[in-house]
Amino acid sequence: MELESLYQEVIMDHNKNPRCFHKLSEYTHTADGFNPLCGDKVQVYLLIKDNKIVDIGFTGVGCAISQASASMMCQIVKNYTIEEILELSKIFREGLTKDIPIDKDIGSLEALLSVKKFPMRVKCATLAWHTLENSLKGEKHG
Amino acid sequence: MSLIDIEKDTFYHDYPVLQRKVQDKKLIYLDNAATTQKPYSVINKIAQFYQMQNSNIHRSAHSLSAECTLEYDNARSKVAEFLGGTLFNEIIFTKGCTEAINLVSFCMEKKIQKDDEIWISPIEHHANILPWQRLCKNTGAKLKIIPMNDQLELEISTFEHLITERAKLVAVTHISNALGVVNPVESISRICKKVGALLFIDGAQAVSHTKVNVKEINADFYALSGHKMFGPTGIGVLYAKEHLLNEFEPYQLGGGMIEQVTFHESTFAPIPYKFEAGTPPIAGALGLAQAIDYISETRYDVILQKERLLYDAFMEMCSRIKEIKIYGHKNPHHHIPVFSFNINRIHPHDISTIFDSYGIAIRSGHHCCQPLMQILGVPATARISFAYYNSISDIHIIEEAIKKSMEIFIK
Amino acid sequence: MSLIDIEKDTFYHDYPVLQRKVQDKKLIYLDNAATTQKPYSVINKIAQFYQMQNSNIHRSAHSLSAECTLEYDNARSKVAEFLGGTLFNEIIFTKGCTEAINLVSFCMEKKIQKDDEIWISPIEHHANILPWQRLCKNTGAKLKIIPMNDQLELEISTFEHLITERAKLVAVTHISNALGVVNPVESISRICKKVGALLFIDGAQAVSHTKVNVKEINADFYALSGHKMFGPTGIGVLYAKEHLLNEFEPYQLGGGMIEQVTFHESTFAPIPYKFEAGTPPIAGALGLAQAIDYISETRYDVILQKERLLYDAFMEMCSRIKEIKIYGHKNPHHHIPVFSFNINRIHPHDISTIFDSYGIAIRSGHHCCQPLMQILGVPATARISFAYYNSISDIHIIEEAIKKSMEIFIK
Amino acid sequence: MELESLYQEVIMDHNKNPRCFHKLSEYTHTADGFNPLCGDKVQVYLLIKDNKIVDIGFTGVGCAISQASASMMCQIVKNYTIEEILELSKIFREGLTKDIPIDKDIGSLEALLSVKKFPMRVKCATLAWHTLENSLKGEKHG
């Protein structure tokens, strides 16, 4: 049943025990994400040094998918360069919205691709990534 | 119709959508507060209009246009009668309830001054908040909020003490789309009259559930949407007292609402035409009139009885599930079967997705009531909104879906 | 499609209304400028939506709502492509052309100051006069009229000399509903750009006759009505350049166009949603998209060729009747087959009634162009407005009706 | 054919040679009538003495029906009292709009009842009468 693929073990785990769920005491980039249609909110905090993510955290409220997606994102991008993050974000988001198979390894994010079968939930899965991208566009801070 | 007929529960036969499947399951449509389904007769009426009569109204002397003009006028008369026997001139067709509210808030601007007060309730839909907010911003008037008790019902006696003659307008919903609570509009009306405030009632949710008589309520304005009362999208109604419409300047300008036009100045047609610029949603108006016929044939007493059965069956089911929290509904007799709820800490979106896998369409989110969500202290709720055509037997499937949600999330 | 196919002249098979009778005669519908007929595919699309999919958009996570949201988005994309490949965000669904003009005139108020100028043409529809008149009244700007020559065509070179940088907006119709004249919108656009004025084009009459590309025209705004392009009533479109929509404050307020709402203040959703408060005319938008598909299948080159045949046949017939006076149309290549005329001193209403007895639906009156009637020096005209689906053989019956009018009145 | 009953001899005659088609040099009552949907215009002038119409005239532009109706009205109401006019107006207008046969003699106005079969033209036939009634409501003048 497709419901089971959406709410699979790894996603439920991240939802229950979100990793990096905190505001960073020291950060260089941040942004707020909001989905006005459903009320999901996320704040992303980044500490970037020498073009690399040294630390990352998030806070917010939202559904299992948006929370798990934010948590998994934070876990995976640590130590990535900005370019690597942007590329991964693009691949992941296209994987959820376009009808072409992904040929890159996206690691644990693979689990989230089941969201594709639930079109109204795709925005839940991409909210954290949009917010991350926005934070990188914004003024440096801190 | 006897109770036995009502229990036979076959109203859904009138609705083609309800015969379809989603996710390989029979559709159980419980998002009626967002929009209701349309019976065959309404759908056929619209198709028939386009197939047999389509023409513009008022403007031409040919037979087709004469037919359409007559039908359009009849639709207005039907709405006038439906709302309790108002005048033909007091019924304005709009594109929806939202436009009706915007129209009034625009026209009221000339009547409102700095430090006047406009009162709304804490459970209003955004459509009945934002236009008044803008009106206050533009005029310097103050937006005041009617107090609510912890049963999530309006505190009418406190309100009566708080309101003064500075109040120029009170805008409240007849029935809440988020909580299903029926506001005591008669009492509110009495209070309004005492201080000389106009009363605007947002009837979007009321007309599919209960007989409305704007004259008995003594409302100055009443707004509704066709698509929420078994009629088409893109059509709504503003009822307003004749003298108010006569005093108001027109809202939108264009063809059909003028008397004489030169490049220098223009004069306007009498009401109701003054407020209907441009080609109106003709098919929409005829479809709405057909929905009114449909409701009359079905009868409100039947709708009420059926909804009470649904109400009781749903509440009975919920009473067996301690994890479910329903907002409000302490007093069933002030409510229709529209329920905002949460299940433990499961997010409403997840509930909605799980319900959908059972073929059950419910809504999750803020229901265009963000201020109410702030008061409830939640970002969102799940909402089940019944219509009289929903089947009592579907409540078992709702129960299954609730249990599945708990199984996935609370194990 | 070859010319031979076009001469076969069977397009009317697509239109159910055209199969019906009025006054015991086959209906000959020549009031297409008031509203066009709808092909089966459009009517079926609307019925199908209500029968199979009906649900509100955007707001719910269930499957039905997901389907409708996708279709509604696709409809917007289709309009964007249809108008020449604009951005998705630049297309606003309205209830009609009139609302689109009112929206822009409302939003422009913040950009217009005393002694600014707004230019319109003398042949505008009331919908493209009154909103600008009000805008001028509210701001102290001046309403200026583009000069017209005695062939009833705009004097573009004189206009170019007259307009200055005080002009902030030029609002003209693409094609006149009263005269059938096609305005040189590209030249007007060039002149606007020279003085820095925004260009608003009323495209209500254009889209059923000719391919429109708002980007090639470089229009800042373009407005149209679904019901005048083989689509349903109650739906229209405003195209506006993205940066203008972003600068504008919202027009109507309500659900679906907000970001965050508290009782104290509200923030708004990004475009296009910022301009679509409330439940939109969903079925209307899908019907309009279907009309666009229909036009694409039929092809504009076929429509143009067929209309040229109708044009020539009609003019040829009129050339044999000296009592008929057609306004304008000195240069057929600047015109579509829409003709305002008078027959001797017979009043247009009487012409229209006599035509009706032949089953011919035409319009008589001021065609929502009172200022133009004042220029023509007549209280009213009769108007025959062809669509490509009209039959060339019907022109004989028009001739009979004209002769009957003369027989009754000029004996 | 119904067209012939609409455009019958007597109506065409009044249209071609409208009676009383002039502004009165002396009048006590007047009103303007206008139908914005079609542009028909009529002005009615009355000289009333001792509750009786001593003289009446009209001007205006409009279709054959509105012109003939105004002309026939002027011809018939001369010497009527105000009460008689109002009663005739009511009978005539109801004859055109209601589905009940007229039991009073309305003289030459009978010819105009054929307009009933052309619903979009009823307003043409009643315009002059509405205007007459309005003139009687208005302030005395002259």
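For clarity, chains are labelled A, B, C and D in written order, and residue numbers in each chain start from 1.
By definition in this document, a contact is a pair of C-beta atoms (placed from the backbone, for glycine too) under 8 Å apart; a residue touches a chain by one contact, two chains touch by 3 or more.
All of these numbers come straight from a predicted model, not from anything done at the bench.
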| item | value |
| --- | --- |
| Shared chain contacts [chain B and chain C, defined touch] | A, D |
| Whole-Å gap between the CA centroids of chain A and chain B | 38 |
| Chain C and chain D, separation of their C-alpha mean positions in angstrom | 38 |
| Averaged-CA centre spacing for the pair chain C and chain A, given as whole angstrom | 46 |
| Whole-Å gap between the CA centroids of chain A and chain D | 78 |
| Residue numbers of chain A (touch at least two other chains) | 37-38, 120-121 |
| Sites on chain B at which at least two other chains make contact | 59-62, 65, 258, 260, 349, 353, 364-365, 370 |
| Category of the chain touch graph - line, ring, star, complete, other | other |
| Of all residues in chain C, those that touch chain B in their complex | 16-17, 20, 22-23, 27, 29, 31, 34-35, 37-38, 42-44, 46-47, 50-56, 59-65, 95-99, 101-102, 122, 125-127, 129-131, 133-134, 143, 145, 225, 227, 232-235, 252-256, 258, 260-263, 265-266, 277-284, 349, 352-353, 355-356, 360-365, 367-368, 370-371, 374 |
| Residues of chain B that touch chain A when the two form their complex | 346-350, 353-354, 357, 364-366, 370, 373, 379-380, 404, 408-409 |
| Interface residues, chain C side, partner chain A - complex | 58-62, 65-66, 69-70, 258-260, 269 |
| Residues on chain A engaged by chain B in the complex (per definition of touch) | 1-3, 6-7, 12, 37-41, 61-65, 118, 120-121, 124 |
| Residue numbers on chain D that touch chain B, as the complex places them | 34, 36-38, 119-121 |
